[in-house]
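Okay, got some structures for you below.
Next come two complexes built around subunit A: one with subunit B, the other with subunit C.
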Partner chain A sequence: MIKSDVQLDAKGLACPMPIVKTKKAMNDLTEGQILEVQATDKGSTTDLKAWAKSVGHQYIGTREEDNVLLHYIRKSNDDNSYEKQFEQTITNEEVINRVANSGIILDVREEAEYAFGHIEGSKSIPMGELEDRLDELNHDEEIYVICRTGTRSDFAAQKLFKKGFTKVYNVLPGIGSWNGNLSKSMK
Partner chain B sequence: MSNKVAIIASNGGLFDAYKVFNIATAAAATEKEVAIFFTFEGLNLIHKQAMQQLPMPKAREHFAEGFAKANVPSIPQLVEMAQDLGVKFIGCQMTMDVMGLTKDDFINGIEVGGAVTFLEFAKDASPTLTF
Partner chain C sequence: MTIIKMTAAEVARKVIDNQPLFILDVRNHDAYVDWKIEGHNFEYLNIPYFELLDGVDNVLSKLPIDQDVLVVCAKEGSSIMVAEMIAEAGRDVFYLEGGMKSWSSYLEPIKVGDLRGGGELYQFVRLGKGCLSYMVISEGEAAIIDAVRFTDVFTNFAKQKNVDIKHVFDTHLHADHISGGRLIAEATGATYYLPQKDAEEVVFDYTAIEDALTVKIGAAQINVSALYSPGHTIGSTSFIIDGKYLLSGDILFIDSIGRPDLAGLAEDWVGDLRETLNVRYRELTEELIVLPSHFMKIDELNTDGTVAKRLGDLFAENHGLNIESEDAFRHIVTDHLPPQPNAYQQIRQVNMGKITPNYDEQTEMEIGPNRCAVR
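Presenting the complex of A and B:
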């Protein structure tokens, strides 16, 4: 199971219906939420990928279960103008060396994004759950916060800092520009 | 990047209808502004009666089964969906005059215009497609 906020049943529908239904379903999501599109149209994988790119949403991935394709799309906007505020940062390249000695990588993306590709050994706590799961983190340890583009991790790093975690760093530019291998975790 | 897709529908068969309306609905669902110019036999695709039973190409009648099996929406359904998504339909005035048809012979919500009406829309569209 991969967690999603809204599920759309587009099984048995031929092109262009899965796209049309997805477009309509997307209107009911708020930014950052994840839509699961269930489809049997074999062309839907490439179509949804292209659709998301064109419209500006984030295509996360597709898996197959009992001959049904499950596509995951995260609602986003194209606004990259957000200015990051948290001052302690570290680059994608540096973080791997640092974490080999001590500290953890904290991935604050949604569970579905994490499932389709994450840094081996990193810990997943989606941004929305962070507040309630602070007890899973250690104050004495370096925490390298990462997301896709550095925006959510910026918010998370600020929040952690306010809660007394001082050895916090925002990893930039984030998983979206990751050059190394990423692991999947799916059943 | 252009956000408009302009389509010319000039043929009146069932296959033509699917090509036109599939591309149109897919484009509209991808947040493109879409207009279709219906001219000559293409007018069949939005004619109240004709659109209900558009002909298959000769010797291709056996595809009917495939359409049903693949659960492809009917043309009236696709038309409704296209309009719902904001696709603009323009009927060609000149062809309508030649064929003795008026706006009332067509589904609701169409515009009637001449070639320039379409060209004005299509001038900054990409792509422009002809079926």
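Presenting the complex of A and C:
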């Protein structure tokens, strides 16, 4: 099971209905929430992907379960104008070498995003759960915070810093520009 | 205003008669770029339906007022939705019944020419996929070569012409489309022939095509003679009909030549391909009319809609027949191959009888262009 905030049943519907319904459903989501679209129309995968791109939502991925396609889309406005504030940063390229010695990579994207591709060995704590799960982190360890574009990880890094985690870095530009392999295996 | 249904047959007529048509293709951009309805005088606009959910105001000004506008999508649902919006805005508009799926399946029978003693040769043009099938008719009997999977088109045509289908041939084991040959033979009691070298893995009974095998059709005893011509596959065989027509299978096309890699053996078969084109075909009379099993571009159609050209003209004009050095030839047919046809490995399995997908699955496998050639 991949976690989603809202589920939409579009099973048995032919094109264009899966997209028409998805569009409507997305209106009721708040920024950052994830919609699961259940569809049986084979063409829905490429169309949803292309539609999401055209309107700026994040298409996360699709899984097939019992002949039903499960599409995951995250509502986003793709606002790149946000100015990152946390000063301790590190690049995608550097972080792999660093973490080989010590520290952890903390992935603050939603669970569904993590499920469709993450850095092997990284730890998943979605941004919204961070506050409640601080005890899973070690104050003495380097924490390399990553998300898709560097925005959520910027917030997360600030929060961690305020909570007394000093060895915190924001990884830029983030998973969205990751050149290495991404793992889909879940523990 | 009104929304009107247009059938694949009507679109095919417009292609063949060189009529104008404005196509608003509402599939996603990748699907459109990969494969669309081709016509000499067609104009196109591609805007995915999901960009039109809020209305068609931005599109209306781009649609011509003085010609037919046809909205096209994959299966028809989205084209109806978009067409309804355009009609609500006060315009007459057509949509393609069954969408690109039905376009991919449509066959137009066109007479290629007369044979001895009142015989006839028909080419079945599958415009949406670029596949060409053939029926040789002489009083009472018929032979079919490279039938596509819409078997009733052939059996109905034979009924209409009052002939019994006696022989059904495939020039090779196809990789781009599902053959209808075996099913037609089963339904009519005809003999089904395949080249043995392509048929090593097939799981049904067939009659092997030997080089120079000749069958005679109908009252006029029209000759249908096999000519072993390997290269696209190891078994690829051409047929000479009535001494006038050369059915070249997927070896030689109007504006290109066959590719040798679809069974995974490009390196091995490139020599065969060159030998067939440069030696076996050179020995034939240049007056033969070449009838291939595919076309790739709409430009390859003659003005009557047929795909046919004199062998001598192809020797003069076809790039693939004019490559001097063996190295250059090898390079072209092995290094610069276009993408492989959709699901080509599965399609080969179907044609060997190893898997039996249902109708919808077959349609899905055959979506897209044929891609059997190299230029």
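Just so it is clear, the second predicted complex is superposed on the first by the 185 of 187 C-alpha atoms of A that agree within 3 Å, B and C clash if a C-alpha of one lies under 4 Å from a C-alpha of the other, contacts with A are read in each partner's own complex, and residues count from 1 in each chain.
The criterion applied here is as follows: a contact is a pair of C-beta atoms (placed from the backbone, for glycine too) under 8 Å apart; a residue touches a chain by one contact, two chains touch by 3 or more.
All of these numbers come straight from a predicted model, not from anything done at the bench.
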Original post:
Clash or fit: how do subunit B and subunit C relate after the overlay on subunit A?
Top reply: clash
**OP:** Considering only the touch criterion stated at the top, classify A:Gly32 as touching first (subunit B), second (subunit C), both, or neither.
**Re:** neither
**OP:** Identify the partner contact of A:Gly117: answer first if only subunit B is touched, second if only subunit C is, both if each is, neither if none is.
**Re:** neither
Original post:
Is A:Pro173 in contact with subunit B, with subunit C, with both, or with neither (first, second, both, neither)?
Top reply: neither
Subject >> Touched partner set for A:Lys23, first subunit B, second subunit C, both or neither >> reply: both
Subject >> First (subunit B), second (subunit C), both or neither touched by A:Ser54 >> reply: both
Subject >> First, second, both or neither for A:Gly12, with subunit B first and subunit C second >> reply: first
Original post:
Touch check for A:Thr46: first (subunit B), second (subunit C), both, or neither?
Top reply: second
**OP:** Under the contact definition given at the top, report the residues of subunit A touching subunit B in one complex and subunit C in the other.
**Re:** 14-17, 19-20, 23, 47, 51, 54
Subject >> Interfacial residue positions of subunit B with respect to subunit A in the complex >> reply: 22, 25-26, 29-31, 70-73, 81, 85
Original post:
In the complex of these two chains, what residues of subunit C are touching subunit A?
Top reply: 28-31, 48-51, 53, 73-75, 77-78, 81, 364
**OP:** Please name which positions on subunit A make contact with subunit C in the complex.
**Re:** 14-17, 19-20, 23, 42-43, 46-47, 50-51, 54
Subject >> List of subunit A residues in touch with subunit B within their complex >> reply: 12-17, 19-20, 22-23, 47, 51, 54-55
